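Two complexes, one shared chain (chain A), two partners (chain B, chain C).
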Partner chain A sequence: MIRLASKDVVVIGLGWTGSILSYELARSGLSVVAIERGPWRDTASDFNITTAPDELRYAIRHDLFLRPQQETQTARNTPDQVALPIRRWGSYLPGNGVGGAGVHWNGHTWRFMPSDFVLRTHLVERYGEGFLPANSTIQDWGITYDELEPYYDRFEYLAGISGKAGNLKGQIQEGGNPFEGPRSREYPTPPMRMAHSQQLFEKAAKSIGLHPFPLPSANLSQAYTNPYGVRLGPCTYCGFCERFGCANYSKASPQTCVLPALVRMPTFEARTNCEVTKINLTPDGKHATGVTYVDTQGTEWEQPAELVLLCAYALFNVRLLLLSGIGKPYDYQRGVGVVGRNYCYQTNASCTLFFEDQRINPFVGAGSLGMTADDYNGDVFDHGQHGFIGGANMNCNTYNGRPITYRPVPPGTPRWGSAWKRATAENYNRAIALGTQGSSYAYRDCYLDLDPTYKDRLGRPLMRLTFDYKENELKMSRFVVDRLAEIGKVMGAKQIVRNQRSAPWSVVPYQTTHNTGGAVIGSDPATSVVNRYAQCWDVPNVFVTGACLFPQNAGYNPTGTVGALTYWTADAIRDRYLRNSGQPLVRP
Partner chain B sequence: MPPHLSTRRQLLAATAWAAISISSASADTITRRLPWRPAEAYPPEPARPGPWLFFTADEAATVEAIVDRLVPADELGPGGKDAGCAVFIDRQLAGPYGRNDGLYMEGPFPSNALATQGLQSPLTPREQYRQGLAALTRACREAYGGRVFPQLSAEEQDRVLASMEKGELELHEFDSKMLFGAMLANTMEGFFADPIYGGNRDMCGWKLIGFPGVRYDYREMLDRPNQAYTRPPVSLQGRPDWNRNRT
Partner chain C sequence: MRALASAGVAALLLLAGPAALQIGPMDYAAIERGRYLAIVGDCAACHAGSKGDYAGGRAIETPFGDIYAANITPDDDTGIGRWTAEDFARAMREGKRPPEEHLYPAFPYPYYTKVSREDVDALYIFLRTVPSVRNEIPANQLPFPLDVRTAVAGWNVLFFREGRFDRDPIRSDEWNRGAYLVQGLGHCGACHTGKNVLGGDEPGGFMQGGALQGWFAPDLTSDARTGLGTWSIEETVEYLRTGRNGRSMASGPMAEVIENSTSKMTEADLRAMAVYLKDLPGSGAAARAPPAADDASMRAGAALYRDNCHACHADGEGVLQMFPALHGSQVVQQRDAATLVRIVLEGTRAATTDAAPTAPSMPSFAWRLSNAQVADLLTYIRNSWGNAGPSVTEDEVRQARARVGAKPSQ
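Up next is the complex of A and B:
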């Protein structure tokens, strides 16, 4: 092992959160080294317009994603099963390399609702303790929407998000989401222009008393220069967004928003193709001394640092905590411990609408081209009569007309042969997919720990994921899908197919890359890994970022909230922590 | 990897582990400027015409017959064979996909895996095709008086495929449903992937459904809701008439 000169800050992983924290701290004059296990990636070479729109290479063969050979998880539905490795990605798709999953995301950029941050308190007040599902471990975040609002704003202005405010300082705005928390100002850019499907959805939803609004989009409606001085271009609705890098500089990502400014910082340095294997601690385990990483030749390096920032993908952050011995691992049997606890996912479902007389052009799309309605999300509606908690946004998003994966045909159509061919040709341009993105709440028996059998290439245990969809979530999802089908009916579909979410959870079909929890934020060290500033309770010079902080997942995609928490943490480190380095910001 | 493709980035795009075994690529340090170089891009390797790279002649005949039943030629357009689906599958099997490159292939591989746990076979796609096609040939010979799959009538071929799809066809030491699943998925990939990979010849798969390919800018269509898109499709290598004009 070769020991390097010490840095002020070592950042593990150079995606959204790692690049933002690197920039904010390097700007304060700290020396920062970011260690990233994948390659450098930039628009001109890696998402070149002559190579980027390639469905086979990127969407099917997973060219931009982490290779499972390097790290994967084992999976099972219940604690009494034997977990087996996810050998090929399916249900979710972790990113790899500089930019992380911020390269291949769709760009939905949400704020969670104010009630999401005080979920347990809110639900118990409104419905009583007995209304919560059995064995659920729902909890408050220890931070409120009002506290996070300025940081949501900063992330949205960094990324140039295209949208329409629905609530400006408490005033409801026509055309926006009336159910959102108050915003201090409008979105930085206006909403995307909508295509035919969205127009049909908006009209139908309005006619039955719902409140549709444009999906807040990181595919920009117009050119935009962000506060770091980096410029993005307008989206061209190319239809190659999710699973692809953007060749147009139109999708907000670390590449298009942060890295060009970050690399100019004289005190910043990135090391690529170097995988951090461990956060090193002092013998008493109470202070981090830096990290150990391995390069492409197998050489081990020790990078000492005063401050360690864990900025990898949610699942990988949790595994590094477990492998480094930071925080007490969650013990499912006894219900104690915190690292790996409150793993959640997302409960998504959809309807496919088939039309006779509409020309849909599904290839005219963008990752976040959509109209949405939040009338059945969160706790917007009274759950008392329904017997479940949580909700989902209902959306009409056109983001994938790519033909290897998108070929809608009515149920009962054969999978091959002449009848298949005819139905495929007839329906490609005449179908609309509507979706729901639903909440996923925490349960005692859904968690992350280290696998007893399977190892990575360095001989370290893989992380084991124990998860299934629970009756509360399935009930919620069926309810919202029924509401979605009502919109589809008004839209004039001749046939509506409900694609309901069902248990058991399978690792095979793609569902969502919104794995959350496992290193959750909170105000009680007995039920959280980090305090309200995302600082580890047990090792105060380690901070954690990402969706692993979520105590449970809301009915929205996570990136907006991940970005807001990152800026919140950046301010906490700069304005509070550095005044008294090494000390906890909150006394338990 | 051919030497001319061994640029810095391609070596580094491999995982750290893979890179250890294939090259002396080392980790990079980036500071002060973006590591940009002019004309640096990573196009895929086009499937080249010529002999089969993975299949034997007999295997190729079987696969060509199968892809032509999965996607039959009819009044709507070419079938799987003329679309190049067998060539596509051959080139894919000859490349990294055929070896399961990048997948997690450490054991143990228990035989009682749950369906929700996905791929748990130690076989690579190459092994699946080689063993599966041999087993299929043997099963056809036994059931159809010595004839092999390409020699069956279209109706007989469809019956064999349908029973494979349901997992009802007994193959010696091979799961017929697994073989069918791989062949159906790969055939559809070949029929609808960019023609650069050897299938979807003349963009026939895209023309079948009305997918315009890689045009990358559809803003004009926002002014024309509910109207057909009329420009012809374009692939990563352009369009046949562009190439004709060039020569």
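Up next is the complex of A and C:
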């Protein structure tokens, strides 16, 4: 192993959170090295407009994603099963390389509701302790919406998000989401231009008393220069967002929002194709001394650093904590320990609407081209009569009409042959998909730990994921899908197909890459890995970022909240931690 | 100890060598001024090499063959360590290096001859402070008789006029400062003034645009269509400082000039240059009437534009400071379309500066457009939205493609 000169900060993973923290800390004069296991990627070299819209290469063959042979996970539904390795990514698609999942996301940029941050307190107050599902481990975040609001704002202004405020400092705004928490100011750019599907949805939803509003979008409605001086172009509605890098400089990503400014920082350095294998600790385990990583030749390097920032994907952050011996691993049997606890996912479902008299052009699309209604999300509605907790937002999004995978045909259509082709031709322009993005709450028997059998190419145990959809979530999802179908009926669909979520969870069909929890934030070391500043309770010079901090997942995409927490942490490090390096910011 | 000793030797050399030096070798204000002047002159553009900013070795492409930039670090054997301030001033202003050897005018002494002795000395002092790098420079690749340096003497008789910058007392200080920078250290004319077959400046063509290295450096005079006539002073300054403005974005060799030089210059100097440039007379050449809209090239070009260009460049307006506007663009309407052909074939990337770090790129279209298609497309762009520029021929594109080594479209 070769020992390198020490740096002030080592950042593990150069995606959204790693690039933001690198920029903020390098700007404060610290020397920062980001170590990223995938390749360097930038718009000019990697997302060429003449070749980027390649569905086979990117959407089918997963060009931008982590290769399972590099790292995968084992999965099972219940603790009494034997977990088996995922050999081809399906249910979720972990990113790889500079920009991480921020490269290939769709761009839905949400704030969680104020009640989401105090979920347990809120639900117990409103419905009583007995209303919570059996075995649930729902908990408060230890940080409130009001505290995070300025940081949501900073992330949205970094990314230039296109949307319409529904609540400005407590004043409800026409055309926005009336159920959102108060915002200090309007979105940086106006909403995207809606297509025909969204107009039908908006009209129908309004007619039955719902409150539709434009989906907050990281596909920008107009050119925008962010506070780092980095400029983005307007979205062209090409429909190649999810699973693709944007070639138009119009989807907010580390590439389009941070890296052009970051790479100009003289104290910043990135090492790509280098995989951190371990965070190194002093013999007493109370202080991190840096990281060990391997390059593509298999050479091991030690990078000493004063401060270690865990900025990889949620699942990989948790695994690195487990492999490094930071924090007490969660023990399901005894219900003690924290690392791997409160793993949650997202409960999504949909309806497909088939029309006779509408002409939809799905080819005009974008990852975040959509109208949404939050009337059945979170705790916006009274759950008392329904017997479940949680909710979902209801969306009418036109992501794309890509030729290989966008083939909406009614049930009963043969899967191939001339009848299938005929049905494709008939329905391509006459179908609309409506979706629900639902909460996923924490349970004692849904968790992450190290697999006892399977190892990666470096001989380290794979992480094991134990998860299933619970009756509470399925009930919630069925309820919201029924509400969605009501909208579809008013929209005039001749046929409505409900695609309900059901158990058991399967790793095969794509569902969502919103894996959350496992290294959760909180105010009690017995139930959280990091304190309210995302600083490890046990090793104060390690901070953790990403959706692994979520104690449970809300009915929203995670990136907005991940971005807000990152800025919150950046300020905590710069303004508080650095004044007294190595010390905990919160005494338990 | 050794470091100290060699520093001592260097100090002695400094004291002993430059007898004619008018400023002291430890004059930090002069060193700093020299550093700034090295940025203004963009010395690093040619003299930066793999071994350091001023260590030389980079091949400079000329119509006559490659010339390798000199090592101008203070190394005694391979750099200019043994030069006196007088030697340096003669190189800068007379094109001769010790012992009495002609430099090739790829080194822009025909422009540097305008620079004041005080500025030349400041540059000299600064160059004594850069790290000394041993770097043997390869021999130039020039054919006979150009490989005989005395041939340059004849060239000098024809094209070189030695002489310092003359203030124009009728003009403002700002104008004069701009003229001094543009004509002298800035050596803008090295690219932007047309060259004759021997590489000398075209008489009467000062700053009216010039072809070099497969690019066409655009007209920088006050011509309204092809020059800076419609640019405000502020827009010109913004372009030089950030690499872009509401009208254009720098790419190609100018992107390097902006990144390494003008983006680091003072606002006052940029302003002075803009004031001077905007006062330069244009060629007065009238625009030719554009082809009729139903011309076959124009029709084919319009369809190609829709499919290949419209997403970014829209209906000629582009996206402010991201994708340059094509309507009214000076670059688009130059008399020579070399830059446009090259950008379509090779792609390009905008300058990146502290003020505007995003460097949007345009990809190569060589693989998907034939020579005839590129010609039609550019003829269309050069003659739409009020633009007027000579049509582009298939042959021009063929030659450019051979030059840049781009593969033909299938």
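Rule of thumb we're sticking to: the second predicted complex is superposed on the first by the 588 of 588 C-alpha atoms of A that agree within 3 Å, B and C clash if a C-alpha of one lies under 4 Å from a C-alpha of the other, contacts with A are read in each partner's own complex, and residues count from 1 in each chain.
The criterion applied here is as follows: a contact is a pair of C-beta atoms (placed from the backbone, for glycine too) under 8 Å apart; a residue touches a chain by one contact, two chains touch by 3 or more.
Remember, predicted model here, so these are calculated numbers, not experimental data.
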Return first, second, both or neither, reflecting whether A:Glu55 touches chain B, chain C, both chains, or no partner chain.
first
What is the contact status of A:Pro260 with respect to chain B (first) and chain C (second): first, second, both, or neither?
both
If we overlay the two complexes on their shared chain A, which of chain B and chain C does A:Arg457 touch? Say first, second, both or neither.
first
Touching A:Val230 in the superposition: chain B (first), chain C (second), both, neither?
second
So, A:Gln199: does it touch chain B (first), chain C (second), both, or neither?
first
Of the partners chain B and chain C, which touch A:Arg87 in the superposed model: first, second, both, neither?
first
Between chain B (first) and chain C (second), which, if any, makes contact with A:Trp416: first, second, both or neither?
first
Kindly classify A:Ser207 by the partners it touches after superposition: chain B alone (first), chain C alone (second), both, or neither?
neither
After superposing on the shared chain, does chain C or chain B touch more chain A residues?
B
Contacts of A:Val364 with chain B and chain C, given as first, second, both or neither
first
Per the definitions at the top, what is the overlap between the chain A residues touching chain B and those touching chain C?
44-45, 48-51, 236, 238, 248, 260, 264
Touching chain B in the complex, chain A uses residues 37-40, 42, 44-46, 48-51, 53-57, 60-62, 66-70, 72, 75-77, 81-82, 84-88, 90, 96-97, 193-196, 199, 236-240, 247-248, 259-260, 263-264, 266, 268-275, 294-298, 358-359, 361, 363-364, 401-404, 407, 415-418, 421-422, 424-425, 428-429, 453-455, 457, 504-508
In their shared complex, chain C is touched by residues of chain A numbered 43-45, 48-51, 223, 225, 228-234, 236, 238, 248-249, 256, 260-261, 264
Help me check something: in the complex, which residues belonging to chain C touch chain A?
311-312, 319-323, 349, 352, 354-365, 367-368
So in the complex, the part of chain B that touches chain A is made up of which residues?
9, 12-13, 15-20, 24-37, 40-44, 69-72, 74, 76, 97, 101-106, 108, 110, 113-120, 158, 161, 165, 184, 187-189, 192-194, 196-197, 205-206, 208-219, 221-222, 225-229, 236
